[in-house]
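In what comes next, subunit A is part of two complexes: it sits with subunit B in the first one and with subunit C in the second one.
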Partner chain A sequence: MRREVPIVICFLAGLSFILEYFIPHQSVRPFFENFRQWAIIVMTFAYVLGISNIVRVNYHVIHRKGRDWFYKIILIVGLFFMIIMGVFFGGIGEGTVFFWMYNNAYSPLQSTMFALLAFFIASAAFRAFRVRTFQASLLAITALIVMLGRVPVGENVWKSFPDLVEWIMNVPQLAGKRAIMIGAALGAISTALKVLVGLERTYLGGE
Partner chain B sequence: MGTGEILWNGLALFLTLSIFSILYKDNPFYKIAEHLVVGVSAGYFAIILYYNSFIPKVWVPVVHESKFLYILPTILGVLMWTRFSRKWSWVSRYPIAAYMGIGMGVAIPVTMQAYILVPLYATMQPIGFTSMALFNNLLVAAGVLCALVYFFFSKEHTGAFGGVAKVGIWTLMVGFGAGFGLTVMGRVSLLIERFTFMRDYLQKLFGF
Partner chain C sequence: MAFYEKLMTMDRRVVYITMALAVAIPLFVPFQVPIHTTSEVKSVYDFIESLKPGDRLLIAIDYDPNAMAELHPMALTICRQCFAKGIKLFFVTLSQNGPGMAEQLVSRLSKEFNKKNGVDYIYLGYKPYPGLVILSMGQNFRISFPMDYYGTPVDSMPIMQGIRNYDDMKAVIAFEAGWVADSWIGDANGRYKLPVALGLTGVMTADYYPYIQSKQIIGLMGGLKGAAEYETLAKAKDRIASRGMKVQTITHIVVILFIIVGNIGFFMSRRKKL
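Presenting the complex of A and B:
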């Protein structure tokens, strides 16, 4: 009952949505569209689960005065500040505290974190390129050409640089990207099928 | 610049510098900013979901439009919270299973269509040696085929098969190299944007 019924529910829900794709009839679509909305609603409540988990994990560290406990308080304060401002203090529109927090905390924090990767990616690249194999050289040279060809200095060095980059992007890069995409899609489909037929059950948890 | 803007942009400047301080060494300012990223991001997405999903899909239909059918997915969603109870956690499997089923059912045909059939169709173009376009089509088709052979691990990569797989990995390396180059450029653009923001703020603040 506790394991078999969920597997049957998963199978039936999955099978019906696969069939729906092949029955593009106007009488069928609204019915399934409703269920799609249901899935979004369920997912919304799952986010509360995620938030509760963040609070629970960090509360334990704060309570035990574990490692970095003070910073965990900042994390929790940041989380609840955004939620309280968003729900109780004017919503999320322009001029609200939430809006200002988005523009002056969330957005700069995110973009600076990603900008920081410019430094780490450079050091990682240096270490990777020291592995002197043909493949590593191919990767390094392509990266260098793409970077040079996309900035004005590249065109000044050699005027055909942008054309070469265009060719790399449209031919070998495209071929590699397509193969990875097809491979990943085949993997995703096989995993999805395993979930549907009940071979993959880790999402159900223990016991 | 008004006082409010000075303060808010000052916060943005402080957080930007706090994150960059890790380039020197690990320090409390970085840790504060790092933990703030997690908290603020989680709070931000919670509110976005609240306004884009809970209010229009649950609150408005049930409370304002009396569409009580929407109580059913709400109950399913609330059942997910039983995950925290040792005794009742098994109940959460029902909504999770329903969600997984719908998700997989939607994903399988869409993935098949968008990520397998469409790219394969785009790869199967006229090929030849008479023009650059035809030759490029040939290179793309050969590259895709070779790279797919590289991903085929049921047969040992030796002999002619190994040779084709080797060409496949060269193709993949060129692809990764191009992707890497674009990623670096994207990150550097963000870095420039952050420095521009700091310069503009200080210019406005001190008027130089």
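Presenting the complex of A and C:
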């Protein structure tokens, strides 16, 4: 029963979403709408689980004074500080402590982390784009053309550079991307069907 | 160590310092770069230009502060164009850290254009699980958003009178830094035929070209370049992205030079071995 019940629930839930797509009739809409609301409510509990998990995992590290324990304290304090400010001190709109913290602490920190990517990309490109084989040469040459074409200097080098880049993006790139997308979609459909009929059970754990 | 070996095994700190200079110097040196506009950006601009005062647009701010440099300028320019034309905007965010981004945008533009919340625009706020929210908005906005971001019941607002679902919107302009874009295309457009235009981060852009050719999206603006193109088309006064293109141009050239230098070293080492 421990396996059969979840498989039946999964089958019925999946089937309802498929039926909803193929039966867009007014009379059955409220049923499917309720079903979707349930899904949102059930999934919202993931936040509660997420918070409790973060607290549990980090509390153990802090308690043992494990690696980077001091940062874990900052994490937990930050988590609850933002929750308390958002819930009890004026909400989350403009002019609140929450919004000030978002604009002046969270936003610049996250932007900084993302900006560091430019340095890693430069270093990785320097090491990775070596024309060792024919395929690697094709990749490197295409990358150089697209990189030049994505900035205005390409147009100064050769007037038709942007057109060449657009052609690369709209023909070979698009063909390759579409092939990958169709392949991935077929794979996703077959995996979904296997989950629905109970052939794929790894989501239950243990198998 | 031979010269070519030095080229090949350049210390990464040299790469980092060069990149830092390539980013910083253009910010202090006054020069402009020409912006070439592409068809995929122009089609978004033309679509918004074709709208009439009183038309309604859904604006999805689905990005976090990490994508702010690329997506905020294009969101600002498009919203300014819409407010100037008298288009009513319905803001929504389906990214966890998006509410702050949307709040920044809404509060700044409403003051700039003297627009009233609930009359000229509405900020519906954030709900988790984008796919389900997008589907539910296709039935009725009130299912996921019975209240706006500030806790006011949406039915008490004049802008929501007679509004039910996507049928009442001209399109959604979705600014995306993640997979929510797929849901706007697959669910909002595929299921409910809502026209979709995308503003994307640079790294995502290539993934969404197939949807232009299949006409599932009106067009797309890719990264800082897309934002700069839109600013050029809209003749924007505050050209944040166009200024950023100076930096992007120099850094791209630096990366290209690094690739060339690395390969020169590689070829010289191969010739030595032969």
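One rule holds for everything that comes next: the second predicted complex is superposed on the first by the 203 of 207 C-alpha atoms of A that agree within 3 Å, B and C clash if a C-alpha of one lies under 4 Å from a C-alpha of the other, contacts with A are read in each partner's own complex, and residues count from 1 in each chain.
Convention: a residue touches a chain if its C-beta (ideal position, glycine included) is under 8 Å from a C-beta of that chain, and two chains touch if they have at least 3 such contacts.
The model shown is predicted, which means the values in this text are computed figures rather than measured ones.
Asker: Look at A:F99 in the shared chain and tell me whether it touches subunit B only, subunit C only, both, or neither; answer first, second, both or neither.
Answerer: The second partner, subunit C, only.
Asker: Looking at A:I121 after the superposition, I want to know if it touches subunit B, subunit C, both of them or none. Which is it: first, second, both, neither?
Answerer: So A:I121 meets both subunit B and subunit C here.
Asker: After superposition on the shared chain, which partner residues are touched by A:E166: those of subunit B (first), subunit C (second), both, or neither?
Answerer: Only subunit C is touched by A:E166; subunit B is not.
Asker: Comparing subunit B against subunit C, which has contacts with more of the residues in subunit A?
Answerer: After superposition, B is the partner touching more of subunit A.
Asker: Does subunit B (first) or subunit C (second) touch A:F80, or do both, or does neither?
Answerer: The answer is first: A:F80 touches subunit B but not subunit C.
Asker: Look at A:F88 in the shared chain and tell me whether it touches subunit B only, subunit C only, both, or neither; answer first, second, both or neither.
Answerer: neither
Asker: Same subunit A residues contacting subunit B and subunit C, which ones?
Answerer: In subunit A, residues 21, 36-37, 39-40, 43-44, 47, 91-92, 102-103, 106-108, 110-111, 113-115, 118-119, 121-122, 125, 140, 143-144, 147, 150-151, 169-170, 173-174, 177-178, 181 are touched by subunit B and also by subunit C.
Asker: Report the residues of subunit A in contact with subunit C in the complex, numbered from low to high.
Answerer: So the residues of subunit A touching subunit C come out as 21, 29, 33, 36-37, 39-40, 43-44, 47, 91-94, 99, 102-103, 106-108, 110-111, 113-115, 118-119, 121-123, 125-127, 129-132, 140, 143-144, 147-148, 150-153, 155-156, 162, 166, 169-170, 173-174, 177-178, 181.
Asker: Quick check: in the complex, which residue numbers of subunit B touch subunit A?
Answerer: Going through subunit B, the ones touching subunit A are 8-9, 11-12, 15-16, 19-20, 22-23, 31-51, 53-54, 57-58, 70, 72-74, 76-78, 80-81, 83-84, 89-90, 92-112, 115-116, 119-120, 122-123, 136, 139-144, 146-148, 150-151, 168-188, 190-191, 193-194, 197.
Asker: What part of subunit C is in contact with subunit A in the complex they form?
Answerer: 10, 12, 15-16, 18-20, 23, 33-36, 38-39, 64-69, 97, 99-100, 103-104, 107, 127-129, 132-133, 135-136, 139, 143-144, 149-151, 191, 202, 206-207, 209-210, 213, 225, 245, 248-249, 251-256, 258-259, 261-263, 266
Asker: Taking the complex as given, what residues does subunit A use to touch subunit B?
Answerer: Residues in contact with subunit B: 2-3, 5-7, 9-18, 20-22, 35-52, 54, 56, 68, 71-72, 74-83, 86-87, 91-92, 98, 100-119, 121-122, 125, 134-136, 138-147, 150-151, 167-186, 188-189, 192-193, 195-196, 203-205, 207.
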